[in-house]
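Down below are the structures I want you to see.
Below are two complexes that have chain A in common, paired first with chain B and then with chain C.
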Partner chain A sequence: MKLELRRIHIKDIQLGNETAVKDGVLTVNAEELINLLKEDERIKDVKIDVARPGEKTRIIPVKDVIEPRVKIEGKGKGFPGVTSKMEQAGEGKVNVLYGAAVVTVGDIVGFQEGVIDMWGEGAKWTPFSKTYNLVVDITPVEGLQPHIHEETVRLAGLKAAEYVGEAGRDVEPDEVLVYEMGSHAEESKKYPDLPKVVYVEMLISQGLLHDGYVYGVNTQQILPTLLHPNEEIDGAVISGNCVAACDKITTYQHQNNSVILDLYEQHGKTINFLGVILTPELTTLDGKFRTCDYTAKLCKMLGADGVIVSEEGYGNPDSDLLMICKRLENAGIKTVLITDECSGWDGMSQPLADTTKEAVAVVSTGNVSHVVTLEPADKVIGDDKAIATLAGGWEGCLEEDGSMKCELNAVIGSTSEIGYHYCTAKLY
Partner chain B sequence: MTRKGGEKMKFKVLYYVNQFFGQVGGEDKAGMAPEFKEEAVGPAMGFNGLLQGEGEVIGTIICGDNFFNENKEEALEFIMNIIKEKQPDIVVAGPAFNAGRYGMACAGVAKAVVDELNIPVVSGMYEENPGVEACKSKAIVVKTADSAAGMREALPVMANITKKLVKGEELGLPEEEGYIPQGKRLTVFAEKRGSQRAVEMLLARLNGGEFKTELPMPEFDKVDPAPAIKDLSKATIALVTSGGIVPNGNPDRIQSASAQKWGKYDVSQRDALTGEYYTIHGGYDPVYANEIPDRVVPLDVLKEFEKEGVIGKVYDYFYTTTGTGTSVANATKFGTEIGKELKEAGVDGVILTST
Partner chain C sequence: MDKSLNYKIVTNNPRVKENYKEVIFIDGSFEDVLLRVRDLVHKGYELISHPLGASIRVIFSPYRSIIIGKKLNEINETHVEIIESSIQSYRNLMQRRKPDTKNSEDYAFIDNELLKSSLEEFRRIYIN
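Now for the complex of A and B:
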């Protein structure tokens, strides 16, 4: 399977009369985009805005972030099984508006939407302060049930990203990244002496605002399943919006999954990367046993020597993470876990909801309850009062001058458990 | 430091030692009541020199180890009065090395000074000294050898940390600065992103190289289940939940994640919660809980049981908080507080529901 990600470096976004990319500047025809999104009868109103790195702009409450792209060669356009007909992703050529992102905001659907600050203290904590963000503010018609509301904004974001991505169709890329990997038999023949490595990506699969989707299938419905890494970075996996904002895997982060990209970098050099196992994090004990046993079995069948497991969310999924670890280590498979911690405002509490002695190699991506103070913004896109009810905020945490105190919990991507950001926790 | 008349002020250190290091005597003097001397005594002299003129030991409190541990209240009253009067910028106690009673005395002073006066405290102890556990979260405890032979190594480390604390400089990692970790997990930025660190850690493991976990596994308490209730038909049963069920409008403003408080609500006049309660919990699909909150807090069924005589009584209040992202330390505190109330109210059993 061979995928070319052809990056067009975006250096600014402007609103204008056409949707096009010229000299690295993405111009978006807001009216056309609004009309397109309003074709969905469930959407009453759409507002479009732009937030640039360094501007004193706060975006809240953020639901999802998506990278605008267009497939110029090969099957599986956009997000197959969701926004386009079902075709297999992972092959062909994709033009990427690299440096741009579509960010969806609007009426709060659940408590687990987040904040992006484009400048100052807040910018340090989120990877999406570095992207040029096209913010799509969606107001649904009144009376929508929460599940429908969630689906409406999720699809609107994906559609907006596809619409914007189309602007890059005929633009020459600034750089071309090639991701190519054959069958296990072929790769093992090429690299007979390299250790075999599998990536287990856990996805929260627990209901409204807590679901992931693979080719449009809610991951609540799947058994752990094997993907070619190219499929995920080509739009096969999307976010069902939020877990907590800090560690949800946004669609953007699926498209650019950092564990996949960093393992790919080592493929053929130090490891033989066998692929990605998507594992749902379910709520029932039976479900946890089923998926954890099944995940370990797939790793064993593939002959993995080493596995990286990334979690999504915290609390009960800590158990899934450690159950998988225990099974793999007991099968002699070297395992590294990536998780964040819930060690309280003062960092003095124990960090996980579960424990196992087999978890000897863990990467920590920070304490979700670490409290940060965000300065007042010149401009708020969305509604900053939402912070009072978001996970990570509290009543009274928004000051009259517009500054706010909140936990990293509320900051999109701050403690990303696919290791997309730079936070860690150290014992003091 | 603040300046007065253009001259740089030295910061003030108040020193605490036991009878031995205070040069009063050995075990035979361990019963001595605390005394204050307006000079540097014993280790405080060497310490004073190490401050290199930036600060000054303004006095030494000397107290017998037995006296402190047997008459803690009286000893602390004297010590705290001196400290309040002298208003030091920082208090230094020890080092106590592996002397247990001395360590506990340093810890007792440290806790009182930090909690009541909010003045920083630096001490020094051997890792296994029981005083370490008693005060490491409050004071900075420098890691020392197990005997006074380690004095020469301990004092410069303590002096260096003292200077940094007084100046308001952030301390580096415990292994860099030489203190025993306070148990605080602080979020900082790493040079490489998390995924890169994971790949490198895996490569090290696969190649048999060295690696260091960023998160040592926590140790959990084991709680024995309570004995069974013998006669349910006479028992008062209470409902407690971490599912975030609260009266509509969330009057006590309980957080949707990482709870800092709990609430209790009178349900003595209700047969069910449906209609006036909902969930503010941010960690699960709220739709079904909002439809029928009794799905999370089963007041409806329990009230039926009460009518049928299956149980004696449903307790008048139910207790609630949010479980998601709530630190174990907070959860332990809530549990202790709620448990105390329930016990005092004569509740026999609790149905604890999560989500």
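Now for the complex of A and C:
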């Protein structure tokens, strides 16, 4: 399977009369986009805005972030099985508006958080303060059930990203990245002496606002499944998780999954990368046992020497993470876990909801309880009420000058458990 | 629903109390729900759903519903470990935070939705 990601570097977004890319500037015809999105009768109103790096702008509550792209060669337009006819993703040529992002906001329930600050302290913690963001704020018609509301906003974001991505169809890319990998037999023949490594990507799969999708299938309904890494970075996996702001994997992060890209980088050099196992994080204990047994079995059948497991969320998924680790280590497979920590304001509490002695190699992506101070914004895109939720965590979190303290868990992507962020670990 | 399934929902969520018959209603907090589940698991009741949610935000919820199963002949030690470590994590997390009561109604709604998904998952595993 061979995929070319052809990056067109975007240096600004403007709203204008046409949707086009010229000299790295993406212009978007907001009216045309709004009309397109309003073809969905469930949408009453759409507001389009732009947030640029450095501006004193706050976006809240963020639902998803999506990278605008267009497939110019090969099967599977957009997000197959979701916004377009089902095709297998992972092959062909894709033009990417690199540096641009579509950000959807919409308050489906009152307690949603998820903030992107484009400047100052907040900007340090979220990777989406560095992208030029086209913010799509969707108001649904009245009386829509929350799960329909969630679906409406999810689909609108994907459609908007497809519409914007189309602007890059005929533009020459600034750089071309090639991702190519053959069958296990072929790759093992090429690299007989390199250790075989599998990536297990766990996804929250638990119900409203806590879902993930592969080719449009809700991952609550799947057994762990093997993907070619190209499928995920070509739009096969999308996010329906809108509660865990700091460690949810947005669609953008699936499209640019840093674990996959880093493993690809090492493929043929230090490792033989065998692929991705997508593993649902279920809610029942028997569901978890089944999933973890099945994941370990797939790794064993593939002949993995090593496995990297990334988590999504905190709480009950910690149990899955450690059960998978235990099963793999006991089968003689070296296992590295990637997770964030919930270790209190001072960082001294036990970081995970569960422990196991087999977890001997763990990469921390940050402490979700770390407190940061966000300055007042000049402009807020989205819903002011959500700021009240953000600022309502404890007494004294709102300062007189309007700045507020919040825990990192409110900041989008701040402790990304696939490492798509800016925290690094320091050894003492 | 689920005549062949033997389960009870330990909950402090009034919405769940209204919607389901198989309820052990706790007139108390999220932590009180965890403590009752712990007592029942120590008495031999099977733990069906994980005591904690999947995100920090949901752990700030004032409401929680947890599914337990039938009483077993022996105490399940894995289940004991899970409920005990969940209580410890909950207390750790809530050291400085209070449950988010401003959004109680939405939390009651989401707890009910997540419970519904959990029961569907439970049914898929046991009935299919």
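Here is the rule we use: the second predicted complex is superposed on the first by the 400 of 428 C-alpha atoms of A that agree within 3 Å, B and C clash if a C-alpha of one lies under 4 Å from a C-alpha of the other, contacts with A are read in each partner's own complex, and residues count from 1 in each chain.
Operating definition for what follows: a contact is a pair of C-beta atoms (placed from the backbone, for glycine too) under 8 Å apart; a residue touches a chain by one contact, two chains touch by 3 or more.
Just so it is clear, the structure is predicted and the values come from calculations on it, not from any experiment.
When both complexes are superposed on chain A, chain B and chain C clash.
Once chain A of one complex is fitted onto chain A of the other, the partner contacts of A:Thr284 are limited to chain C, with no touch recorded for chain B.
By the touch criterion stated above, A:Asp40 is placed in contact with neither chain B nor chain C.
Of the two partner chains, chain C is the only one touched by A:Gln220; chain B is not. Applying the stated contact rule after C-alpha superposition, one finds that A:Ser364 touches chain B and leaves chain C untouched.
Judged by the touch definition given at the top, the superposed model places A:Val109 against chain C, while chain B stays out of reach. Contact with chain B, but none with chain C, is seen for A:Leu263 once the two complexes are overlaid on the shared chain.
By the touch criterion stated above, A:Pro146 is placed in contact with chain B and with chain C alike. Look at A:Tyr314: by the touch rule set out above, it reaches both chain B and chain C. For chain A, the partner touching the most residues, choosing from chain B and chain C, is B.
In the superposed model, A:Asp293 lies in contact with neither chain B nor chain C. The superposed model puts chain C in the path of chain B at one of 39-47, 93-101 or 327-335, which is 327-335. Residues 110-112, 146-147, 206-210, 244, 283, 313-315, 342, 344-345, 349-350, 352-353, 355, 368-369, 389, 392-394, 407, 409 of chain A are contacted both by chain B in one complex and by chain C in the other. Contact residues of chain B toward chain A in the complex are 137, 171, 173-174, 181-199, 201-203, 205-206, 211, 213-215, 217-220, 253, 255-258, 260, 280-287, 323-330. Contact residues of chain A toward chain B in the complex are 110-112, 124, 145-147, 195, 197, 206-210, 244, 258-259, 261-263, 265-266, 270-271, 283, 305-308, 310, 313-315, 334, 336, 338-339, 341-353, 355-357, 359-370, 389-396, 407-409, 415-428.
Residues 47-60, 67, 78-79, 82, 85-86, 88-89, 92-93, 95-98, 100, 102-103, 105-107, 109-110, 113-114, 116-118, 121-122, 125-126 of chain C are the ones that touch chain A when the two sit in their complex. Residues of chain A touching chain C in their complex: 109-113, 146-147, 204, 206-210, 220, 243-248, 281-288, 290, 312-319, 342, 344-345, 349-350, 352-355, 368-369, 388-389, 392-394, 407, 409.
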